[in-house]
Amino acid sequence: MKRTAGEVAEFLGSEVSGDATTVIGSVASLEDAGAGDLSYAEARHVDRVSASRAACILVPGGNFGCRTTIAVANPKAAFARASYWLLPERRPAPGVHPTAVVGGSVMLADDVTIGPWCVIEDGVEVGESTTVQAGCYIGEGCRIGVHSKLHANVVLYPGSCLGDRVIIHAGSVIGSDGFGYVRDGVGYVKFPQMGRLIIEDDVEIGAGTCIDRGSLGSTVIEKGTKLDNLCHVAHNVKVGGTTIIAAQTGISGSCTIGADAVLAGQVGVADHVRIDDGAVVGAQCGIPSGKRVRAGEVFWGTPARPLKDIKIQQAYISRLPKMAKELERLREEVEQLRGERAE
Amino acid sequence: MKRTAGEVAEFLGSEVSGDATTVIGSVASLEDAGAGDLSYAEARHVDRVSASRAACILVPGGNFGCRTTIAVANPKAAFARASYWLLPERRPAPGVHPTAVVGGSVMLADDVTIGPWCVIEDGVEVGESTTVQAGCYIGEGCRIGVHSKLHANVVLYPGSCLGDRVIIHAGSVIGSDGFGYVRDGVGYVKFPQMGRLIIEDDVEIGAGTCIDRGSLGSTVIEKGTKLDNLCHVAHNVKVGGTTIIAAQTGISGSCTIGADAVLAGQVGVADHVRIDDGAVVGAQCGIPSGKRVRAGEVFWGTPARPLKDIKIQQAYISRLPKMAKELERLREEVEQLRGERAE
Amino acid sequence: MKRTAGEVAEFLGSEVSGDATTVIGSVASLEDAGAGDLSYAEARHVDRVSASRAACILVPGGNFGCRTTIAVANPKAAFARASYWLLPERRPAPGVHPTAVVGGSVMLADDVTIGPWCVIEDGVEVGESTTVQAGCYIGEGCRIGVHSKLHANVVLYPGSCLGDRVIIHAGSVIGSDGFGYVRDGVGYVKFPQMGRLIIEDDVEIGAGTCIDRGSLGSTVIEKGTKLDNLCHVAHNVKVGGTTIIAAQTGISGSCTIGADAVLAGQVGVADHVRIDDGAVVGAQCGIPSGKRVRAGEVFWGTPARPLKDIKIQQAYISRLPKMAKELERLREEVEQLRGERAE
């Protein structure tokens, strides 16, 4: 949809500096933008504004001569908002595709879209304006809130509970059995995996991610948290709100991850770990069973330690060749002193 | 299904201490349990028995006053067994869903359930009381034993062979091509991936796990082994029975993993590694190509070494700042002695 | 299909030493081969040729008495080629399965096979002799070249672009949204994920792998590159041609990976990393944000460093117990010298 720079500014609650009638139809990075494109420059990149060919640029302030700009507090966030407003995702037409298999006592609110080859088992509830794409399996008694979207081939195990505006990318598995067995005699007995899985509002889950339901209690992902592709979240884990969990990170059973935390990619969290609100865990970090990770400094390495401690240790390790040489020289000098003494 | 404590005791081959007529309808942890709940206490938690509100508690023995308890050798295992007996998973009605596409020469035993949108290719055999949930693809010539369950959207490549009581969670891919190429001239030629994939009885495979078939030989997962979510098992790997492989662990081509071994989460096993029966490999451990991991001690780190060796080395590394200071002091003292000597 | 050793030699542009009329119907490793099997021996394994029961063996040259052999420059590559020629994968019959849902303006070339339960959205183009197996979802406007194969339950997000002879294994997700958010106020705003995903000719992608499309630009996998199972490739990543990326490796946003590179399993590449053409990165290696990895030596460890540097450092660390003991002895000797001096 085409808009003018003036309309974009109005949407963002700001004003245009330059030509407010400039027409904007798409979005691009500063480098790739051309006529008709909206772009943005963060404070550290304002020097690139003049060279950009974007039709209109969101900036943190400043004067850019004849360029058409809109000053906003957070250009990147404003750009993100304006992008989805300019180019809204086209929802498929509401309705249940004739090929979908819908069980008994299913409650579908207005404007719900159920794609081809979906299975909606008995007792499922789907909120208003939610889209379930092709090939999804929604187990018995699941509940999905409003304005949510399940991409193709997502599986929800029975009883999974999703909030509003939840996005789940293709191929993810939600509410699967936890990995719990009791060794007894020659083999393993499966521990009951009968708990719940609760995903709160505004959570987004990447492609190919697997989240187990609780064994006896619940697994909970709180409001506004984002998980990337191919993550593993085990049974009975609690993840606080607006936490970021990057790709291929695995969280073992019964961990508690706080709110506003950041776990980088390929992090491994052993069972019963507690990560505080606001904590930051670096990529590939391994957190041993039962540990607590506090906020205020970056943790890194396996086993996880404060990054500053690791850097100090690394510096000492780097001095080792010098220390070895120094030790050898001292040895020689002491030998010499002893020799002189013995003369 | 509701049972009395007496019936539970009978099922477990034990006796009730307390009120055998107590009605039990569900299961819960000691902390969460209320009226009607069966719970359990391992030896280290028997002090929590008195405070629990569970209707009946499985205990390793002892006297708990007016509480209704059942003494069993392994309370957690007994609890697991009793849970599935009290609350058996409801199997879907047997039969082939009218939307399933079933090829020629397919042999489906009694009480098989084939869900909607499944594809069962030519020559497939499915044993008695096995369930194949919605959206599964069962390639040509696959064989699945009795009382097995494939959750939604599982893919079996042609010729895969599954035993009895096998459980495969949603979205897993079984029998895919191994990752083998031969560099030739400017590009890669794909090595033949024509071998077999054999999964024996009582194996359970988590969600999103991928197991490749053999290239020329076979990939084999032996009886009673359990794999968690998002694991990777490459071509020609042999995994012994009752081995535990936690989430996101990857096993490269031609490895041999013994029976009764434990591989924690995010372990990486390079090609041609041999892990002995009963070996224990810690989380995120990386085992280099061709190595052998023996039983009897925990291996850890990358490259994998005995945990006790790593701990000793870590202790020495921690002493480095002290060693550096000591070295400096000695240097000064030796300088002084030399100075005095020169006087 | 049965062939003679002579026909195999002709296909490979070589000649038979031994019985050119030997009938060959299948392939096997040197150890497992029997009558009717073609096998191969690389230079380091030619001593095993005499003991093999293979009907015909591809060898790098040499005289093996009465054995039937064919001398070729690269026996393993020749074996791979001959295997697919002897045992060509049987393509399903061309045609669109009656259960497939095909949108408007879809262009399907000759000999295309679309399996059951597929969804082919509006505007999709599929090239000649390409197979799309059961349960695949091909989003709006996707383009797939000729002679490609999508295994079951693959998902292509809208606008994904695949070249010729591309193979994508089951359950992989191609073109999903990147993981990009902007913190603004109390929560996260989703950054636009509106870019493209381009997979060039002869790329093969393992099972359960997830490749995100560009956010504003494009994600590109160039010609002949191979990715294993459960890999993660984030938004705006460029991977050069004929590069090998082993299982469970994750590549963060905006990385550039060169051509002819090798990334072993479980490697983690942070954002904005540049890996040069021909570089080799060892298993589980972690490459920090913004780093550059050069060709010519193997990188390893976290943070990634040249393997030879790590080995030198490891050797010094191993000497620590000896250094500590030496330091103690020197301390004693210096004490003694000082004592004597004070006498």
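Per-chain residue numbering starts at 1, and chain names A, B and C are given in the order in which the chains are listed.
By definition in this document, contacts are C-beta pairs under 8 Å (C-beta built on N, C-alpha and C of every residue); 3 or more make two chains touch, one makes a residue touch a chain.
All figures in this text were calculated on a predicted structure; none of them were measured in a lab.
Visitor: Is the contact between chain A and chain C built from the same residue numbers on each copy (over half shared) or from different ones (under half shared)?
Guide: different
Visitor: Rounded to the nearest 5 degrees, how far is chain A rotated relative to chain B when their C-alpha atoms are superposed?
Guide: So the copies are related by a turn of 120 degrees.
Visitor: Nearest whole angstrom, what separates the Cα centre of chain A from the Cα centre of chain C?
Guide: 26
Visitor: Could you say which residues in chain C touch two or more other chains, in rising order?
Guide: Correct list: 99, 117, 135, 153, 171, 208, 230, 248, 266, 284, 317, 320, 323, 327, 330, 334, 337.
Visitor: Would you pull the chain C residues touching chain B in the complex into a rising list?
Guide: It comes out as residues 27-29, 32, 74, 76-77, 79-81, 83-84, 87, 97, 99, 115-117, 133-135, 151-153, 169-171, 202, 204, 206-208, 224, 226, 228-230, 242, 244, 246-248, 264-266, 283-284, 301, 317-318, 320-321, 323-324, 327, 330-331, 334, 337-338, 341.
Visitor: Provide the residue numbers of chain A that touch chain B in the complex, in ascending order.
Guide: 99, 101, 117, 119, 135, 137, 153, 155, 157, 171-173, 176-177, 179, 181-184, 186-192, 194, 208-210, 212, 216-217, 230, 232, 234, 248, 250, 252, 266, 268, 270, 284, 286, 288, 302, 312-313, 316-317, 319-320, 323, 326-327, 330, 333-334, 337, 340
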